[in-house]
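You will see chain A twice below: alongside chain B first, and alongside chain C after that.
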Partner chain A sequence: MIIIFSHQFEYSTNVVIDWLKKYNVNYIRINSDENRYKLKEIDEEKIIFCDMFTKKEYNFLDAHSVWYRRGGISDRMLLGDDILSEYETNVCDPEVKKNLASQLDYLRKYIINKVFRNCSVKLGDPELRDLNRMMLYDLAKKKGFLVPNYTVLTHTDSINCALKKHGAIVSKSIANGLYHHTLNKRYYTYTEQINEIDTIDLKPKNIFPSLVSEKIEKTFEIRSFFLIKEFYSVAIFSQNDSQTSVDYRKYNKKIPNRQEAYIIDDKTKYNLLSIYNELGLNTGSADLIIDADNNVYFLEINPVGQFGSVSSAGNYKLEKKVAQYLIHGDFN
Partner chain B sequence: MKNNLHLSSEVIFNSGITRGVIIDTIRRELFYIDNSFIRILELIEKDSNESFEKMVKLVPLPELHKFFDFLVENELAFYSKGPGEFKRIDTSWEIPLEVINGIIDIDTDFSFYEKALSEFEKVDCRELQIRLFSDLDLTEFQKLVTIINQYEFHYVEIHLVKNSYIPEEEIRRVIENVWFVTNILIYGSEDNKIVRVINDTGDYFQISLGTISYLKQSLKQNGCGSISQHTFTWSKDNIRENISHNSCLNGKISVDRSGYIKNCPSMAKNFGNIASVSFRDVLNNNEFRGLWLINKDKINICKFCEYRKICTDCRAYLDNPDDIYSKPLKCGYDPFTARWEDWSTNPLKLKAMSVYGLV
Partner chain C sequence: MEKLTLEEKKLDELGMLPINHSRIYSNLVTDINEENKLIRYSSKYNTDLLRSGKPRKIISKTINYSLFDEE
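Let's look at the complex of A and B:
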């Protein structure tokens, strides 16, 4: 049996599962945004969850293989609807609430950790779902990469200093970016260039700690998906177009950027491998930049990054490869 | 010497009997070139550096440079840069699903509708086209919708004949309420127009739920299968599929208005009635599956056509109804003259048209 942690509408998970079905392999998909499974009991030998649709019970320790794509185990899965609503409405004291939340957290961690340790094939790591960007910059530098110089600003005055120091700067989020919708607003954090003109009307004051980094003039960008031992990469040419030259996610509809199948050079491969090894990760999605002098800059590694677009741009059939790995612990 | 020229991963090319074509799959542009330049593209694809000598033998140097400039200007190719390597992607095609899409035709007999839906579900078919040929009243229509709502498809389009019993709000409501019913086409309408259905809850967000297409033409079974530049496919996945498979029938299974299981409702050959035969059995039938593998390279005339990688196909209406490898009847293109003409007025097609009741 294979256990997959994901979200309900996660596209790559859907395709991987189609492959698992084709190969007739049993799997359980746990979507953290859905209440299909409910914890029944745990002891030394078993972790029993009940499928609320079919009423079938599963021992998660029967799994030989586990993939952490996204999400995890929600409160609802641990408590069930009745206790969850009791917990949410009746527990008012913040201290009590905090304590119960931490009880749940420990339980959650115990389950995931035990399932992972019990499986012989594992892909992804729930403990490393988001990496610390600045720590990662430092690690990448240690492993031989060029990394854009960065500064954390706490006062408006330092914006101009940063501009002077780095030439051109772009904003980055320190933790994961925001991706949030309300009824009438959408919040996204994009990488945005900061110009001197943006600072003209700013009154001197303290600001929320903000990360800016030196803007690298890129020839193209690379997105490289790592799976066990191999790298599957695409080069993205967004340079010729001011709408996308800072952050290619702001997709240009009129003249789409070119995405080219690409093989990263050996040194970059080696550097990336030693980062993944140090982190203990066997999959992830790295962003790199190539500048005009053929230097390779490290931007980030996202352990739960999307790989569907890399897969289709390079016809790499990554979803099939993931399925094969989950089944055999190998690609054959 | 120009070297390290790479063809974009998003660009494919093809030779034809009179000319070649470069296809930009993302920007949806076609560039016509002389076949001698197709040879050059093949050499570039291999290794532009090594085969430069060979290129010069094929095309005079100034013309070669002009061609390179043309490729680079249109971003069809680029000089490689960076420390890594650009690679040409393989064009193999493979998906985990056996059945890709299906068609159900319904006229006055609704008895097999539910059985058909459950058969589609059993073989994990996600995309469905439902064609309703008779004048339905509102209750009948609502019943069909209620039944399909008990299933989980990913995409359903419904083709209807315009009538006065089914009000427009009702049609809109179907798209709003059944998430996978995305497009509804109404034939015999006064005008040709497309109306978008968006969820209008006053949110900042407007999610497009689907479209209602009003079409002047009438809904006829033999109205399917027309081929033109508008029916070309641009998706790289579809193009890869087309290279090795039939671009209409691959992964398709259908039920005609009498409940017979066929590759497509317009085909003469049936593989038994849904009342007694399961889709599973039909899918294991070699004759049924054989049609999936008729790619354009196997089809007369089409095999000489520069459009063959992006063209759709039709195996139900043929230039020669007795030859399953003959060219689609409803294509007006002649690769030998590189000209499009109206297929329906072509005297050579009259005989086949009368066989199919198209005249």
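Let's look at the complex of A and C:
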């Protein structure tokens, strides 16, 4: 049996499941944003979850293979709807709430760790789902990559200093960008260029710590998916479209960026591999930029990044490879 | 991106927000209950899916006739 931790609407998970079906393999998909599975019992030899639709029970320790795609185990899966609603409405004391939340966290970590330790085939790592962007910059630099110079600004005066120092700068989120939805709107932030005009008449004052980095003029960018020991990359020609030139995720659906299969050079491969090895990750998506002088700049590694577009643009059939790895522990 | 609206703030107006919040994109969400009609459960994938692979997102809105009773 294979356990997949994911989210609802996670498309790559669906395609991997198509392949698992083709190979006639049993799997369980745990979506952290739904309430299909509910914890029933844990002891030293079993972790039993009940499928609330079929009433069938599964011992998660029967799994031989686990894929941490996204998500994890939600409070709802541990408590069930009735206790969860009581927990959310009736527990008012913040200290009690903090204590209960910490108990749930410990339980969640125990389950995921035990499942991962028990499985002979593992892909992804729940402990490494959020990598610290600035720590990753430092690690990439240590491993031989060029990294855009970055500054964390805490005062409006330092915005002009950063502009003078780097020429052109972009603002980034220190952690994940904003992805928030209210009852009637959804909000998003992207990497944005900060111009001198933005700083005219700016009063001197303290600001919320904000990450800016030198803007690298790219000739193209690369998204490289890493799976066990192999890299599968595509070049994304986003530089000539004003909508996508700073952040290609501002997709132009009318005239999409051209994407082509790309083989990264041995030095880049070696540098990336040594980052993955140091982190202890066996999969992830790296973003790189190639500048006018053919220098490779490291931007980030997302351990749970999307790889569907790399798979289709590069014709790599990555979802099939993921399925084969989950079944056999290799690609045969 | 075509349907996203840019909500831009001058750096001076950010208050306690970080600089990367000076440009926030947003799009309107219709009633979540209406959006849910576009979704079905797939037992094959063990998850909710959009009804169509390429949904046109045209939603049939429910009319509350009681609103017209007074007219």
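Just so we're on the same page, the second predicted complex is superposed on the first by the 327 of 332 C-alpha atoms of A that agree within 3 Å, B and C clash if a C-alpha of one lies under 4 Å from a C-alpha of the other, contacts with A are read in each partner's own complex, and residues count from 1 in each chain.
One rule holds in what follows: contacts are C-beta pairs under 8 Å (C-beta built on N, C-alpha and C of every residue); 3 or more make two chains touch, one makes a residue touch a chain.
Keep in mind that what you see is a predicted model, and the values were worked out from it rather than measured.
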{"item": "Chain B versus chain C as contact partner of A:21, first or second or both or neither", "value": "both"}
{"item": "Contacts of A:73 with chain B and chain C, given as first, second, both or neither", "value": "neither"}
{"item": "Chain B versus chain C as contact partner of A:216, first or second or both or neither", "value": "neither"}
{"item": "Touching partner for A:268 - first (chain B), second (chain C), both, neither", "value": "first"}
{"item": "First (chain B), second (chain C), both or neither touched by A:315", "value": "first"}
{"item": "Partner chain(s) touched by A:194 [first = chain B, second = chain C, both, neither]", "value": "second"}
{"item": "Touching partner for A:258 - first (chain B), second (chain C), both, neither", "value": "first"}
{"item": "Which of chain B and chain C A:123 touches, first, second, both or neither", "value": "neither"}
{"item": "Partner chain(s) touched by A:185 [first = chain B, second = chain C, both, neither]", "value": "both"}
{"item": "Greater chain A contact set [chain C / chain B]", "value": "C"}
{"item": "Chain A residues contacted in one complex by chain B, in the other by chain C", "value": "21, 181, 183-186"}
{"item": "Contacting residues of chain A [partner chain B, same complex]", "value": "15, 18-19, 21-22, 181, 183-186, 219-220, 222, 233-235, 237, 255-256, 258-265, 267-268, 290, 294, 296, 312-315, 317, 319-320, 323"}
{"item": "Residues of chain A defined as touching chain C within the complex", "value": "6, 8-10, 13-14, 17, 21, 28-29, 31, 34, 36, 53, 153, 156, 159, 171-174, 177-178, 181, 183-192, 194, 198-199, 201-203, 207-212, 243, 250-254"}
{"item": "Chain C to chain A touching residues, read off their complex", "value": "1-2, 4, 10-12, 14, 16-30, 32, 43-50"}
{"item": "In the complex, chain B residues that touch chain A", "value": "6, 8-10, 26-27, 75, 78, 81-92, 94-98, 124, 203-205, 236-237, 240"}
